[in-house]
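My structure is below; once you've seen it, I'll send some questions.
Here the chain labels run A, B, C and D in written order, and each chain numbers its own residues starting at 1.
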Amino acid sequence: MATLAFLVLAALLVGSALAVVLHPNPVKSAMALVVTLFLLAVVFVLLEAHMIAALQIIVYAGAIMVLFLFVIMLLNLGDEEQRARPRRRVVVHGVAWAAGALLAVVLVRLVAGAPLGRPAPAPEGYGSAALVARSLFTDYVLPFELAGLLLLVAVIGPVVLAKRGR
Amino acid sequence: MIPISWYLTLSAVLFAIGVVGVVVRRNVIVILMAIELMLNGVNLTFVALARQLGSVDGQVVVFFVMAVAAAEAAVGLAIVIAFFRNRESVNADDLALLRW
Amino acid sequence: MWVDVGIAAAKAFAVVMLVLNMSLVLLWVERKGSALIQDRIGANRANVFGGLLPFNLGIINTLIADPIKLLTKEDLIPAGADRVLHFVAPFLAVFPVIVTFAAIPFGDVLVIGGRTIELQAAALDVGVLYVLAMSSLAVYGVVLGGWATNSRWSLLGAVRGSAQMISYEIALGLGLVAAIMTFGTLDLQEIARAQGAHLWGVVPLWGILYQPVAFLILLIAGFAESKRVPFDLPEGESELVAGYFTEYSGMKQAAFMLSDFAEVVVVAGLATTLFFGAWQVPFLARDGWHLPGGVFVAMPHLAVVALQIAAFTIKVFALCCFQILVRWTLPRYRYDHLMDLGWKWLLPIALANVVVTAVVVVLVA
Amino acid sequence: MIASSILWLIPALPLAGFLLAIATGNRALVRVAAPALVGASFVVALVAVATLAGAEAGSRLVDPVYTWIEVGGFRADVTFRLDALAAVMVLIVTGVGFLIHVYSVGYMAHDAGLPRFFAYLNLFMFAMLLLVLADNLLLLFVGWEGVGLCSYLLIGFWYEDDANAAAGKKAFVVNRIGDVGFVLGLLLLAWSTAGAAGMSLDFAHVEAHAAGLGAGTAAAIGLLLLVGAAGKSAQIPLYVWLPDAMAGPTPVSALIHAATMVTAGIYMIARLHVVFEAGPAALAVVAVVGVATALFAATIALVQHDIKKVLAYSTVSQLGFMMLALGVGAFATAIFHVMTHAFFKALLFLGAGSVIHGMSGEQDVRRMGGLRARMPVTFWTFLVGTLAIAGAPGLAGFFSKDEILWHTWAAGHPVFWLVAVVTATLTAFYMFRLLFLTFFGAPRAAPEVAAHVHESPATMTVPLVLLAVLSIAGGWVGLPEGWLWGPAIGRFLAPSTGHPHLAHHGAVGEGTLMLVATLLAAAGAALAWLFYVRRPELPGELAGRFRALHALLAGKYWVDELYDALVVRPYVRLSDALWRFVDQGLIDGAVNGTAAFVVVNGQLWRLVQTGNVQHYALVFVGGAAAVLLYYLAR
């Protein structure tokens, strides 16, 4: 049952991910990515990472992807322009897909063969906001603050970059 | 109980798809999205291995990845907008200004 | 097993019905309310018995005739539209809003047949985050609806809508953070239970007493999230015809309208849960009334539960009515004013509120 | 050894003047500060010398400043030392230097480059004092090169004229040739005197070890050092730069190219006299070079028309006298002549400068004449200088020159003596010729120049008068043996220079020789009077009769042309060939070839650089996959 659910989920994920990469229309690509991210959130729930799953949707699906869509619409982009000659494009894409497939095969071989054994039992409240937050504000407090700084830069930087006529 | 290595396999496939997307797409915004896909593939690995170890450290890393991804998207899209304003294009072929 | 599934299904059905019905009722309330405010009769064209009754049946018109009309109208898809996304968009608009309600508790526990049933469709330990996550997804309906129809007005509405919703989501989230800090949990049911105490044995200790600022922020941001006046720029009739759903008709258009009203209900539900004691009735505990002065009046369990559900419904409805009142009272904002309000006022205030709350929480603890 | 803490001030004060002039470039400030600082240096030197004179004979003042080089067993300190030899030199340098600074204030008053001039002049004073006060040969060499640099800068002071710049360059290059010999001599000296305590070029060390040198080694060192001295002191064969050096401002000629710098070679040989005494062959060569130069230069001076050129050849000739003195072992006498020569030659140069100043830059004696009345102070002081150099009894040059002649005779070199006496006669002749042509007879200047002839201002005439006094009285510190107080300066210098070795006190006494020389000098002067006052047409007739000889002398024996043909032009051709084939062909070829290789390579590899990030990403992906594949396959 769970296995079947996972397989269906995985198939949907791979399908939507492929749609991101293959669909010529950026809006459709973005929507496919939203679906991918949403499904990933579900996978996170399966892995008992509730907090991360919620954040995945809030941050990725809710904020980042909306930003992407917003920009696509602002620039009013249509289907992707293909300039290379078709034959050359086929060659380049063929090479790229072959390299990607090789990478996928190698990575899968590497991780699938990993001697992991059974997962450790999840502690009480695993994946909850409290546990993640405790870790975040104790062991990782410095990276946390640095991430805050980074985000501040990311707030100021785009304003400077995108502002018209400075 | 689904073996953790299945999740890892899934994440590897997602990552590879993202890589191909970065290479083959011409639209800079889509390239950025493919990068997000790669990041998410890696995120899945972190969450899966966090579950494997029964520790939340991996989830904390994912938290940071999200923060960085948000920053990256904001700055990246701002650059795209600035570029579009100059060249009326978001095609990666037009971004090769530093070429000899 | 099957009983559990049945119970879950029943709870889900109850929640969906609550939202949908209240949305419909709100539609009528809005029509009547606007008429009242504008000093006209309104919604009076539904007489069944030829005007013999002493009151008109506008409510029936709104509840039954309107939906039937909308359902049976032709579904127009403009030329050049993206058929798939055009079809999906309305559902993407409605779905997250209704689903949001799953995390909101509408009563305490119901003990029946030896089972203890939480009166909440989905008992989530990250309930508040869930609410935020779902409300953040609501923007896709707007964006895609606007984009898929291949219309300038729609696209402008979509761009406005996405920017507005993203902007106010931040203020909304920060407002909720302050509330969460006060209660120390993300579980909405626990938050509801935490509001059962009374100050000096008389005043019910609801969230509004702790977090009035957060409530105001939630309310204002809620207006923006539901894209209603004074923040109805994405669909402002005088500017963009009907904004992002200009090119929709029939049931799909109804779905967009429904999502607006459902959003009003969700905002009201969230505000009720966080700031107005959720299902709490003053002095009513599980076993009966604990009135001031040590007076105790026992009550049957089912009656208590029924009272709590009723109290929750009434509170939500009251808040909905308040939103409608605001909607027909204030004029529309200009777009830059809207952004100014969101980024330059709400956000700093929410941040300050968070800081002050943090200090107080630490000091009290 | 007496510790002293003021010696460093002597060179430091002119250095301060140099820095001040360079830093401010303020005319009003510099023209006061530069002479004042040199004067202060003179006062400090007087104090130091007084201290030395008050101490017992043979002692010296030492002022260690800091350790300069300490590497391996070798050590060189910046230490100043003042012994009798250095004392005399320091007083000459600072005293005459001060007077010439004062003179320069007037002479250079209208020159735009005045701050630069005084900067160079002060730098020269610093370097010269470093040379004189140095405690070791390395520090001396720094001063040696420093004065060379200043000489170059000052000869080419008016660098707008190519000829001046070329003269400076010539002086510099010729001096470098001498310096090669000097450096080789230093290295050989250091190497051959290295003891258990390691190498050292301290004078104390050298003096202690010189006696242990073999005669051959010492002679080799001496000859190499002589090459350096010949360069600096303008001896055959390296004298050619000095006449050209007259291109510099006249005070420079007086200070650097007459009174001080050119005597550095003399000073150096006197300072290292123990080395030369250990190699008598070198000493003999010194004597030959000296006497040959003296005669050679004097003959050229007979027919020169440029007032400064005559004085320049005269200087070369007098330096030859000093070399002769050194060569016959009369080191103290050589230094004595350095001193008197500094007085009267500085006087003559400054007088010439005054004439040139008054004649609006005219230097050719054929267009002078009759200036006696118009420039009385200059005339009288110039007369004193001429008498002094000619050896008029009682004047400075009389005593020092006769002491040289006497020592030459007494050391057993009658041929040298004969040549020297002939030279002295020629000296009297050409100096009086110069005097008569300049100040007597009818004015031959152009009318507009003649109208402007005027006596020089006080800043110029006062130094002239002071130097004239010194030229009269300066010789009395070195009377012959047995006269009144005798050779006081010789006794003072003896601890530093040793006592002269007189081979035989022969049958002929000093007085006899003195009488012969004086009579011959008077004859020379009389001949000049005959030629240039009484019968002005005679020189032309003689020149017509001995045309070949006159042409030889007027052409300065064509030494410059000879050098040009034998050395300069082949060297230029060699350089040209090297430039063409080695530099352009081999070196540039290698460099350009490297560049061309890089360019071709770059052309090839830039095809890989499409500028498209995604191509790079693709390669990156392939690389990552390959790395992972490697781990998988392992």
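Things to note:
Assume contacts are C-beta pairs under 8 Å (C-beta built on N, C-alpha and C of every residue); 3 or more make two chains touch, one makes a residue touch a chain.
Owing to the predicted nature of the structure, the values given are computational and were not obtained by experimental measurement.
Comparing chain pairs A-C and A-D by the number of C-beta pairs in contact, the larger count belongs to A-C. A summary of chain positions shows that the Cα centroid lying nearest the centre of all protein Cα atoms is that of chain B. With centres defined as mean CA coordinates, subunit C is found 30 Å away from subunit A. Centroids built from CA atoms put subunit D at 86 Å from subunit A.
Note on chain placement: the centre of subunit B and the centre of subunit D lie 81 Å apart, centres being C-alpha means. We define each chain's centre as the mean of its Cα atoms; on that basis subunit C and subunit D are separated by 106 Å. In subunit D, 618, 621 are the positions where the chain touches two or more neighbouring chains simultaneously. Touching two or more other chains at once is no residue of subunit C. Residue positions of subunit A with contacts to 2 or more other chains are 51, 55, 63, 67, 74, 96, 99-100, 103, 107, 110. Listed by label, the pairs of touching chains are A-B, A-C, A-D, B-D.
Residues 606, 609-614, 617-618, 621 of subunit D are the ones touching subunit B in the complex.
Per the touch definition, subunit A reaches subunit C in the complex via residues 27-28, 31, 34, 38, 41, 50-51, 54-55, 57-58, 61-63, 66-67, 69-70, 73-74, 76, 125, 128-129. Residues of subunit B that touch subunit D in their complex: 19, 22-25, 31, 92-93, 95-100. Interface residues of subunit D facing subunit A in the complex, by the touch rule stated above, are 618, 621-622, 624-625, 628-629, 631-632. Of all residues in subunit B, only 1-21, 23-27, 29-30, 32-34, 36-37, 40, 43-45, 47-48, 50-57, 59-60, 62-64, 66-75, 77-82, 84-85, 90-91, 93 touch subunit A in the complex they form.
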